[in-house]
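Take a look at these structures.
Each of the two complexes below includes chain A, the first together with chain B, the second together with chain C.
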Partner chain A sequence: MPFSRRRTLERVEAAPTARRDSAWSALGPGERTSLIAMAAIVLVAIIGPTLMPYSPIIPSGSQLLPPLSSGHVLGTDVLGMDMATRLVAGMQRSLLAAVLVTAVSAAIGTFIGVVAGFRGGWLDSALMRFTDLFLAFPAMIIAMAIAAAIGQSLGSAMIGIIVVWWPLYARLVRGEVRRVVALPHVQAARVSGVRGWRLLWRHVVPAVMPTVVVTASLDIGAVVMTLAALSFIGLGTPAPAPELGRMASDGMKYFLNAWWVAVLPSVTIGLVAFVFNYAGDALRVVLRRTGV
Partner chain B sequence: MLVFVAKRLGSLVVVLFFLTLLVFTLGKVADSDPVRTYVGVNASAEAVTAAREELGLDDPVPVQFASFLGGAVHGDFGISLASKRPIADELSSRLPATLELAGWALMLTVVIGVSLASLYSRPGRVGAFLRFVFFSAASAPSFLIAMLSVLVFYKWLGGVLPAAGRSSYGPYEDGTGFYVIDGILHASPTYTWDAIQHLLLPALAASVGAGVALARVLADGISSSLSSPWARTARALGENEGTIVRRHALRNASSPALSLLAVQAGFMVSSLVVVEQVFSWNGLGSYLSGAIGVGDFPAIAAVCLILGAVYVVLNTLVDVALAAVDPRVRLS
Partner chain C sequence: MADTTVLTVSDLTVTYRGRGRVVAAVSDVSLTIDAGRCLGLVGESGSGKSTIGAAVQGIIPADGTAEATGRIAIAGRELAPLTDPAWSEVRGREVTSVFQDPMRSLDPTMTIGRMLNRYTGSAEASVAALERVQIRRAGEVLKKYPHQLSGGMRQRVMIALALAPGPRLLIADEPTTALDVSVQAEVLGVLRESIEDAGCAVLFVTHDLGVARHMCDDIAVMKDGTVVESGPAEDVIARPSDAYTRRLMASRITLDTDRTRPVGAPEGAVVASMEDVLRGLERPALDVAAAWSAGDLTWQDFTGPTASVGAASGREDVHLVEHVTRASLAVNEVNKTYSTRVRGRRVDNHVLKDVSFEIGYREAVALVGESGSGKSTLLRIAGGIETADTGTVDAQGVAGEGTQVVFQDAGASLTPWRTVDELLRERIEHTRTGRGLSRAQMRDMARSTLELVGLDDSVLDARPTQLSGGQQQRVAIARAVVVPPSVLLCDEPTSALDVSVACSVLNLINLLRHSLGISIMFVTHDLAAARLIADRVLVMTGGEIVETVPAERLAQDITTDYGRRLVDAVLA
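Up next, the complex of A and B:
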């Protein structure tokens, strides 16, 4: 029995790969562009910083050079550090932080949701009460309070966001688990003697994961924005760390003379959030059309 | 309905209690030492002991929490470590500033949402282009919109709208702190108009994202309503499309829109904090970022509690309003 089940699983896993071409052709031009743009941003974030000619935290030119100056395409900031280099480095930091925050929140939320949905009973209601309490809190304000209590750094901003972000996943996953547990193939496994961890690990969790992954990919844009907002009000690593939100708020001091110091980091944040939001939507469309 | 309201009020109290507990706990585990922030790094041992006493840090932790909770209920948030003045006094002029801005931002959100909703579901190339524009506006951080609006309306158009502060004239001594209302109460059109001009750009920056999100939900709701059987019936009875949208579809779409508005109000609180900083708006947000800069946790806690309470109360009101509009909510 276990052997035949494994074969079924393999077949299910193989199907999406076979459909990938048709999914790509089912996309509109806007959706394709967004997916390509997302890949480009990820690429720039990964290899960009090593390609830049300057250091993001060491002055390399005159102060407050406007964009299109020779040697500094996007100008320099008030200390003479190259804007383009800092933006690319900041993009890497933001994306890495956002992916980490999303992954950790999803992991915590999935764990709690699976336990609650699978065990049921008093544990379920206790965990869900707890989750609902966190959902009732104003997320952004709690994140601010937590980050402020831990201290000014990117890490504490990330912890602040994780604390308010996991409940969404816990709710989502619990609902999914309860749905999946009632499905015929899980019932059949149960009847044939698969129980406990094995049932959970082999049959329930794999069925829940696609939903979690799609939700997580949709969330990255929002996490980038939230991190930037926290960093903007002073809850990030202070300068000279290349942190986009902080760069934007520091740049406000020279805003009317040197708009680019504040505007360019903000545009970068907006661009990353926009592309990831759009690509997340495209991803959802793909999944809906291919019926995965 | 009464049972529903009672239940919601009960959970409101529970959530507020735990919110206070959470903020209090954060204050206890905060990484900065409140006494050192209060008296300075070089203070004598006696000064430190006196400050511990004054701040109530010698009491057992449950007693400290009880007095923190009791104070918060009465609007007393203790003493600011940075200015050594009662936090409540410092906030009294700033709360109306933030609430006034939030009120205008919420109004603008509804205006933007309703007026963009019909554009959102437009078919063809124009519709696709509009959706692209709206999507980018919704993805832009509120400080970017704030900065761009300052560049356009203040710098490039030669100052048609003011870009900093709440008023060119300063507050009325006996005023409410809500400048527009003060202007109207004192029958001064110049003062009122000036206050409104100062409000426009910050309120716009705080409301664009929420407005677009609202437009999207309204558009979704309207388009699914229009393809429903009762819309077909209405068409068969000879009603024209505009009447169907206004009379029936918009009403049906308003309930998800209302719950979205409550969610967006939470986001708006955070964008207000950011926007206040860009426009040097003397509200809770700029107070908060000032307090963050000097590590004044009691002040941070006070602002978080006030904004959190506003958010939780607003959510409860929206839930009750939803239940009043839609019987399905209160019966489930």
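Up next, the complex of A and C:
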């Protein structure tokens, strides 16, 4: 051989770590902070309650101690339960519920949206009209009605929210699927002979997932707020279980002489919602880097 | 002669910084253009030509993403290479521009008249301005919005707008690249005449040496941010002194290019593929690169035995047939209608009307036609992406399996999150050849096919986003031929590529065609490329095949109006 074949072939320089590094470096300082803050909140929600010295549902000191009292950094509530402990426990409860609600809504909505968008035709019309049915009612009212019907508990509030939440995902995903199906790479896969579920799973769904994940992470904040709102009006967790919305609602009565009992849970709700919203945007920047 | 020099650029260096990377887009470039002269800035993508175009309009942002040093002087006025307030007095008055895509640069909310009257002052003057760019019934055009005009008309309006303020310098950045090939020549003619009338200096940015020669007095060839060669257009074209310019020149294909041989200068990857083919055919090894340079290499040297099934897959059961009569692709009276609803009423668009043709074994046929002629729909039906309303498509040739498609935008046709190995395996799995093969066997097939298209096996585990445009197109071709199809359908596979890359893709398609014995249907706007690949050229208009011309006699025999315009569009 007059030529060394190896030398003339083109190579790619694979740099497995380069992608992750550049995704992080594409973020601004605000976005980085939000992701770190989100991680911190999740960490506190997971391990926080076990580290707290008190129980969230047993009084541990004098009633209505102001913040910065000795032994009670954030004070105590009207029954003498430690505020910090209750806030951390409430955060865990709220976040867990919100993540569950969002995940279940996203899963149902994604499934229906994918089927409708990919199959098209009468099935698409039928599924979408069904979806519209749920979208037509005011979300909060339906959630209240369902929660009131099944009885006052966190579970019924969650079910109520799921019922009104999934149609948004179904809509979103159906649109995305229809867009992606028309892209050249899906047509090319069809030409290669890939059909049906395999085509959907390998070539379509991965393009839709970033949108779903970003929307879900943005939604977690909103679901925390909605759950809190349902609890606030008395439809969520019954007392004395620590739930942020309930705590804010109960604390309102003592607002004038013990502001912290109402304000601290409200601030916590706002903080969680804000951080998750901002982190969702950061996540979008990271995930959008794949193109499609 | 300082008073006649309109643009002076000296020692311009532009560096972009983003995500921790610093890219020198332009380094130490100096240019001058005198009044009434046209300088062509020619180069491939990434050569820095558009950055210079942006710098002399003062539209490189001063927000820290770019750094620029050097001097720019326009009509004796010194300007900073980055945006600063002084530019706003110059831009749109002394310097105007015609961009690539007129749809994006015209304001969609304004009529042509409103845009133009701002510069001309009156409707009469605007009519005169439009007439200067050879727009007939200018009065009516003034009342229209950009979306109501054709691409060619829009670009004429753009030219009229750019010349209306009486600029000293006009920047034309790839002004015809986004237009249908058949109107490119007209628009270039209009541009040429109008700038001669206006007497301004012109900086003409293009990737196409042929267009540059047609339009420009002087040419500067750019590569990697520097000017490698410059001088009077005829000198640069006729006697290129730089190796890169020579390669660029050799990559240009015209209607006179020899279609029996590989085009352009020998290129490593294609040479490797050729050696691979010769070894596969058990022909004596020869110094391919030397033979190619000497012009001794013809496609005949790579023609495999008739109907050698599975040449790329290395299978043993290669069976030989003496004479093949069965067509590889038979399209029989295919009809296709799209229906849309406009304001509640059903509008039918009859895209294909009783289209019939055959592509023989080993034959290559090009399908040309303007946008909307139905050629792409035909390809999609032949490729099984869409179905015909009536009529049949038969792709059960004697050799190969079915049809495969090479898309225009190779990058978009490869699923970004799948590896090259997975993409190729998917095709193998869904063929008769691939039935019962193990994963390792399929990987071997993929590897040898990648070698055949000039890619190392490190590409196997790469994802498409890690590859360059040319590499992506080769992966797309590899996927299409890893199990040789009966017919390879190519949808403008080169129009998105730089000339040198396009050249190597054309060579590769020709090589595969001859060595694997696959038939080709080549859909394109570019008659020169069509002629290079195809034996016959079919011209489509309004959903029908109106003309069939043998490739050898394309320029002489083509008679239809559209065909003639395509011939004119291939600027010699």
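Rule of thumb we're sticking to: the second predicted complex is superposed on the first by the 266 of 292 C-alpha atoms of A that agree within 3 Å, B and C clash if a C-alpha of one lies under 4 Å from a C-alpha of the other, contacts with A are read in each partner's own complex, and residues count from 1 in each chain.
What we mean here is this: a residue touches a chain if its C-beta (ideal position, glycine included) is under 8 Å from a C-beta of that chain, and two chains touch if they have at least 3 such contacts.
Since the model is a prediction, treat every value here as computed from it, not as a measurement.
Enquirer: Should A:P184 be classified as contacting the first partner (chain B), the second (chain C), both, or neither?
Expert: second
Enquirer: Quick check for you: in the superposed arrangement, does A:T237 touch first (chain B), second (chain C), both or neither?
Expert: The answer is neither, since A:T237 touches no partner chain.
Enquirer: Applying the touch criterion given at the start, work out whether A:S55 contacts chain B, chain C, both or neither, answering first, second, both or neither.
Expert: neither
Enquirer: Touching A:M225, do we find chain B (first), chain C (second), both, or neither?
Expert: First partner only, chain B.
Enquirer: Is A:T33 contacted by the first partner chain B, the second partner chain C, both or neither?
Expert: Touch partners of A:T33: none, neither chain B nor chain C.
Enquirer: Determine, under the contact definition given at the top, whether A:S217 touches first (chain B), second (chain C), both, or neither.
Expert: In the superposition, A:S217 touches no partner, neither chain B nor chain C.
Enquirer: For A:S153, is the partner it touches chain B (first), chain C (second), both, or none of the two (neither)?
Expert: The answer is neither, since A:S153 touches no partner chain.
Enquirer: Would you mind checking which one, chain B or chain C, touches more residues on chain A?
Expert: The partner making contact with more of chain A's residues is B.
Enquirer: Just chain B (first), just chain C (second), both, or neither: which does A:S69 touch?
Expert: After superposing on A, A:S69 lies clear of both chain B and chain C.
Enquirer: Counting contacts the way the document defines them, which residues of chain A are shared by the two interfaces, the one with chain B and the one with chain C?
Expert: Common to the two interfaces on chain A: nothing.
Enquirer: In their shared complex, at which residues does chain C touch chain A?
Expert: Against chain A, the touching part of chain C is residues 19-20, 268-269, 271-272, 275-276, 285, 287-289, 380, 383-385, 403-405, 407, 409, 412-418, 423, 426-427, 429-431, 451, 454-456, 458-459, 461-462, 465-467, 471, 476, 479.
Enquirer: Applying the document's contact rule, which stretches of chain A touch chain B when the two form their complex?
Expert: 30, 133, 136-142, 144-146, 148-152, 221, 225-226, 228-229, 232-235, 245, 248-249, 252, 255-256, 259, 262-263, 266-267, 269-270, 273-274, 277-278
Enquirer: Within their complex, state which residues of chain B touch chain A.
Expert: 11, 14-15, 18-19, 22-23, 26-27, 29-32, 128, 132, 135-136, 138-144, 147-148, 150-151, 155, 266-267, 269-271, 273-274, 277-278, 285, 288-289, 292-293, 297, 300-301, 304, 307-308, 311-312, 315
Enquirer: For the complex, which residues does chain A have touching chain C?
Expert: By the definition above, chain A touches chain C via 1-3, 5-6, 8-12, 14, 22, 25-26, 183-194, 202-203, 206, 290-292.
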